[in-house]
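In what follows, chain A forms one complex with chain B and a second complex with chain C.
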Partner chain A sequence: MARTSPDSPSATSRLRSRGRRHVRSVLAYLRDRPRARISILAGIPALVLLLFFVLPLVFMLWLSVMDGMPPASFTLDNYLDVFTTDLYLRVVWRTTVLTVQTTALVVVLGYTLAYSMARFSRRTTLILLLVILPFWTNYIVRMYALINIFSRNGLIDFVQLALGLAQEPGGIMFTHTAVLLGLTYVWLPLATLPFYASLANMDDNLIEASKDLGAGPIETFLTVTLPMTKNGVVGGIVLVAIPTFGAFVTPTLLGGTDQLMIGMVIENQFTESFNWPFGSALSVIVSAFVVLMLLLGVKLGAGDTLSRRGDAR
Partner chain B sequence: MSVLQVRNVRKEYGDVLAVDDASFAVEDGEFVSILGPSGSGKSTMLRMISGFETPTSGEILINGEDVVGVAPFERDTNMVFQNLALFPHLTVAENIGFGLKRSGVGKADRAERIEEILEVVELSGYENREIDQLSGGEQQRIALARAVVNRPSIILLDEPLASLDRKLRQHMKFELQRIQEETGITFLYVTHDQEVAMSISDRMVVLNEGEIEQKGSVQDIYDRPATRFVAQFMGDLNVLAGTIGARSNGSVDVDVAGTSITIPIAGGDVGGSVDVGVRPSHIDLLDADDPGGLLPGRVLNHIYAGDETVYTVEVDGERFQVETETGGFDVGEEVSLSWDLEDTFLFENGKNVALADERAVELEG
Partner chain C sequence: MIPATVERFVDRHGRRIGLALMWSVLALLWIPIAIVTLMSFAADRALAFPPDELTLYWYGEFLRNDSAIEAVVTSVQVSVIATLITVVLATILAYAVAKYEFPGKGVLQLVVTLPIVVPLVVVGVALVLFFGFINVGTGFWSVVVSHVIRTIPFAALIIIPTMLRFDENLEEAAKDLGADELDAFLNVRLPNILPGVVAGGLLAFTISFNEFVYTYFVRDTATETLPIYLWNQIRFEASPEVNVISVVFLLVAIGMIALAIAITNVRRITLQ
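Then we have the complex of A and B:
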């Protein structure tokens, strides 16, 4: 194809320059209209949210008060069933206990790891990479690795037998401990990152100032380090607690039917029992719980400092 | 008894020698500065006294007790950090009361002492303010109050004024001095700013590359610098290389810039090379043919600075700064320089010949 010259512009370059002119005129139009600019910028994500988030949520709410697959009539029986059936209450209780335990374990382990990375380690980048690395491995693959460790004649048994801690291989599959360890393993890296970020942002001189003013290491940690990294801690807790409460893959693979969590029950309603209205009611309850936790987190964490500053000005 | 005694302290980081065999003492109620350029080991010195670093060898005594190995939170010292390190999550009162609370001072006493100290730093009524509501100068005062309120044996200040603009620094400098006098607490101030150090301290310790170059009163160090480094660090200095031509009773003839000058200093080896130093403020300019002139020169540049004029004069290939009230010399004009010969410094291998000579006399006597 012949190269275009300024005297005889080819069809494509003419088109291109016309396109550019159009873009320029649109930009010029927007430059003087900040409101239009903002509506476009905010409008696109708002539309996506509406289609893929708000509408399904409304549909779920609507479905949860139906007495069968639509068309059907209004009822609150689904909610009543949840709160009056022993099984579901037990499942919700177990889910809450597992969530609290997992979150506590993750906070203690993750904070310790983040602290040693931020304060003592010279190889922070390498350790950070190792923390993030599990995310690049498929979730199911990681679960099967855990199954190999937990099952009868697995790694745990091997070690226990070798050390004489157990006489017979038993494994810990399908126990509360297995689910707890599995959930902790999965969420630990996720929580370590906000912990690390808040610790790395903290001025080390504050720790020295505290010691200089007579506070020992534990007192310094409790009165300076922990309050200074509160937002990171709350962020990590929210990041762990919410998905744990709704978890269903990990407890299914590691806990089986003995360790039912609410997420498994919901999944079952949709994929096996085909009781979508009841599944929806359960989902609404879980969502309400999660929103409550988020509000609590905001109140304890970022919200608190924001409002304190807000009062001041 | 000295509040602080540093004896033969040495600090190595691997192969790097940060502080080399430093010894000095600070008396009760004194305001002492450790002055040195960056990397001279002055901050390391302070961190060893506060307990954040351990000396490789040597002793640090606070009120006569060796504190090497004692944790920072068990030492009777308080530090004012370079970046202040105020706790942003606590109020002004909580910041100031932090140390008092740790040492078990009751709530009522604490409130009283916080109020008292806020009065001293002229920020009465600031108890419930947040730290990020305060201006830079106010934060400085709170950081100082947080240390002073504990009434430690010694307060260690790590260049807290360095981040302030010039005007505020001038002001805070006098505030520091006032607060130190009012409270009577011993201050050890570390800085690279000789102007601040000279104007606020009673005595100074000049550090260079981990070694103490000189210690003494401000006046003494300025007028009788032990080394060429101290003379140059403590103010401007013009330097020319020369050779000692002859020595007579109480004076030496130095060959410098093609002429011979007789300097009233007894010392130095005949034939030895020396550095001749004169401060810009001591020099006066004369006409080129004036018989009182000591060295010939040519004006390169002049700046009017109020009462006086600052000239740059080329002398024997070197640039001399001259601060004088005598005006009227033009750029390119040949002049001669003159000064009171008593004001001449003579350095042999970087050491002040006059002081070396005095020491020799002391030893002989």
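Then we have the complex of A and C:
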């Protein structure tokens, strides 16, 4: 760090030394007041999070039990509507089915990928990059990439026509399959990372020991590797299930109105129907699912995987 | 019990099968991106695979398109401001966490990571409700604030461990040698934690530049970021320019990751 001398004539350095003097006087004031120091340091980020994250969520919770925009009176009708209207029940059911299917697909593909990375491949750094780069590419771009492939005359049609599997181009846009593949595509890298971390952290000697004792590779996998990496698997499942349940971009772009998911209905309440309390109730239901998944994850031993993102140690 | 023949088969060929599967899955991840890049050079207006003719025409269209360029400018403005705020907040938070014990420390560390797990739609909706309620409404600064909330967990998850790895004795030594808090912070602590802080900033910028869902809810019509522009194009027009914008996003992602790796390492940014 280069330091400018205090008597330097330039205006910026004069400004900087004046700035430093101010900072020093503030620090001197705080030196004997450790409480004030901590409340400023921790307090500013805490205040921002409280004001623009916690409070909005609490406000939403409160609005979800109102019968209109405040001032309004207490009601549970918004929640009753969700569970008594056929349309919304179907939406909740479809969302649940898609979440289960997506999670299952991601676990199978992601675990396979992570297993080979950890056991068979020497170029793990390169492969980690190949996994993470698509994940860091814009979400909308990845959806558009899939639209390119799924739409009429896209890659899928091209391959099907070339192989003689189909006679006419049709594409698979706006189908359940399209949404399922889209969700799997976006969340696969996210789950692969915890799978890989748990596999890489496992003690390889355990596998050798199992083989020395006469177990074949499949039996070793089922009785040693899989149980040893259970926490990573549960962590990956939680990380995928949560955003899938709340998805709105993927079903909107790939599924359209034929494949409504909860996230789309929520969005609709705020952009077209303008029934904000009802939209809030739906959001609270999604949040309840999040809390449930997190509690389940921690109970099943994924606390470590989740808190590697949480506790930051 | 698994038949011995199957076990023997897997024992002999498992490695080859595993590697083949691994590269297949990686190919699945990359084929869509490769196709978008290829299609950005396609001459046709319609999305048909394979393209008949390759051209740079749509890149020129993109550069001549004022509203696209304006969206890029808005995106950069929002992301730079949000990243600066996020990095400052995450750094002072990390400093407090590393140096002091205070009530609510655990809760604060938990809450700072929560925006990652709550589905984007939920927070987006909660923010627009709340901004409406406190009469701030939607607009540029609402977008910036929402981006700070979106990026702060990622920055904190990189900067807090960096701060915890810093050897506090170094700062004590500097003070014993006559440095005051400011000198000790600027000349001893900052150079040590800078790689983590910059990596956190790069990650925050990348996420903010790509952010869509929060922005979608809290923006006004005047604040059109590039992802919003892209969304409108896809939903209402779908000109091949969309492929070009996709390539722009891809290049930004690659550039940011290359920078982040140059500063820290792959493991830290992926497995943290």
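Quick note on the criterion: the second predicted complex is superposed on the first by the 252 of 313 C-alpha atoms of A that agree within 3 Å, B and C clash if a C-alpha of one lies under 4 Å from a C-alpha of the other, contacts with A are read in each partner's own complex, and residues count from 1 in each chain.
Operating definition for what follows: a residue touches a chain if its C-beta (ideal position, glycine included) is under 8 Å from a C-beta of that chain, and two chains touch if they have at least 3 such contacts.
Note that the structure is predicted; figures quoted are calculated from it, not measured.
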**Prompt:** Is A:Trp136 touching the first partner chain B, the second partner chain C, both, or neither of them?
**Reply:** second
**chain B or chain C, by number of chain A residues touched** = C
**Asked** Of the two partner chains, chain B (first) and chain C (second), which one does A:Phe53 touch, if any: first, second, both, or neither?
**Response** second
**Asked** Counting only touches as set out at the top, which of chain B and chain C does A:Pro251 meet: first, second, both, neither?
**Response** neither
**Prompt:** Regarding the shared-chain residue A:Gly235, is it in contact with chain B (first), chain C (second), both, or neither?
**Reply:** neither
**Prompt:** When the two structures are overlaid on chain A, which partner does A:Phe158 contact: first (chain B), second (chain C), both, or neither?
**Reply:** second
**Request:** Give one of first, second, both or neither to describe whether A:Gly297 is in contact with chain B, with chain C, with both, or with none.
**Result:** neither
**Request:** Could you look at A:Asn148 and tell me whether it touches chain B, chain C, both or neither (first, second, both, neither)?
**Result:** second
**Request:** Identify the partner contact of A:Glu219: answer first if only chain B is touched, second if only chain C is, both if each is, neither if none is.
**Result:** both
**Message:** Please report the chain A residues shared by its interface with chain B and its interface with chain C.
**Reply:** 216, 219, 308-309, 312-313
**List of chain B residues in touch with chain A within their complex** = 50-52, 71-74, 77-79, 81, 83, 85-89, 98-99, 102-103, 129-130, 132-133, 146, 150
**Prompt:** Touching chain C in the complex: which residues of chain A?
**Reply:** 1, 20, 23-24, 27, 31, 34, 37-38, 41-42, 44-46, 48-49, 52-57, 59-60, 63, 70, 109, 112-113, 115-117, 119-121, 125, 127-134, 136-149, 151, 153-155, 157-158, 185, 188-189, 193, 196-197, 216-219, 242-243, 245-249, 253, 263, 266-267, 270, 276, 279-280, 283, 286-287, 290, 294, 308-313
**Request:** Give every residue of chain A touching chain B within the complex, in rising order.
**Result:** 203, 205-206, 208-216, 219-220, 223-224, 227-228, 305, 308-309, 312-313
**Item:** Interfacial residue positions of chain C with respect to chain A in the complex
**Value:** 2, 4, 6-8, 10-11, 14-15, 18-19, 21-22, 25-26, 28-33, 35-36, 39, 46-50, 89-90, 92-93, 95-97, 100, 102, 104-105, 108-123, 125-130, 133, 145-146, 148-149, 152-153, 156-157, 160-161, 164, 180-182, 186-187, 190-191, 206, 210, 212-213, 217, 227, 230-231, 234-235, 242-243, 245-246, 249-250, 253-254, 256-257, 261, 266-267, 269-272
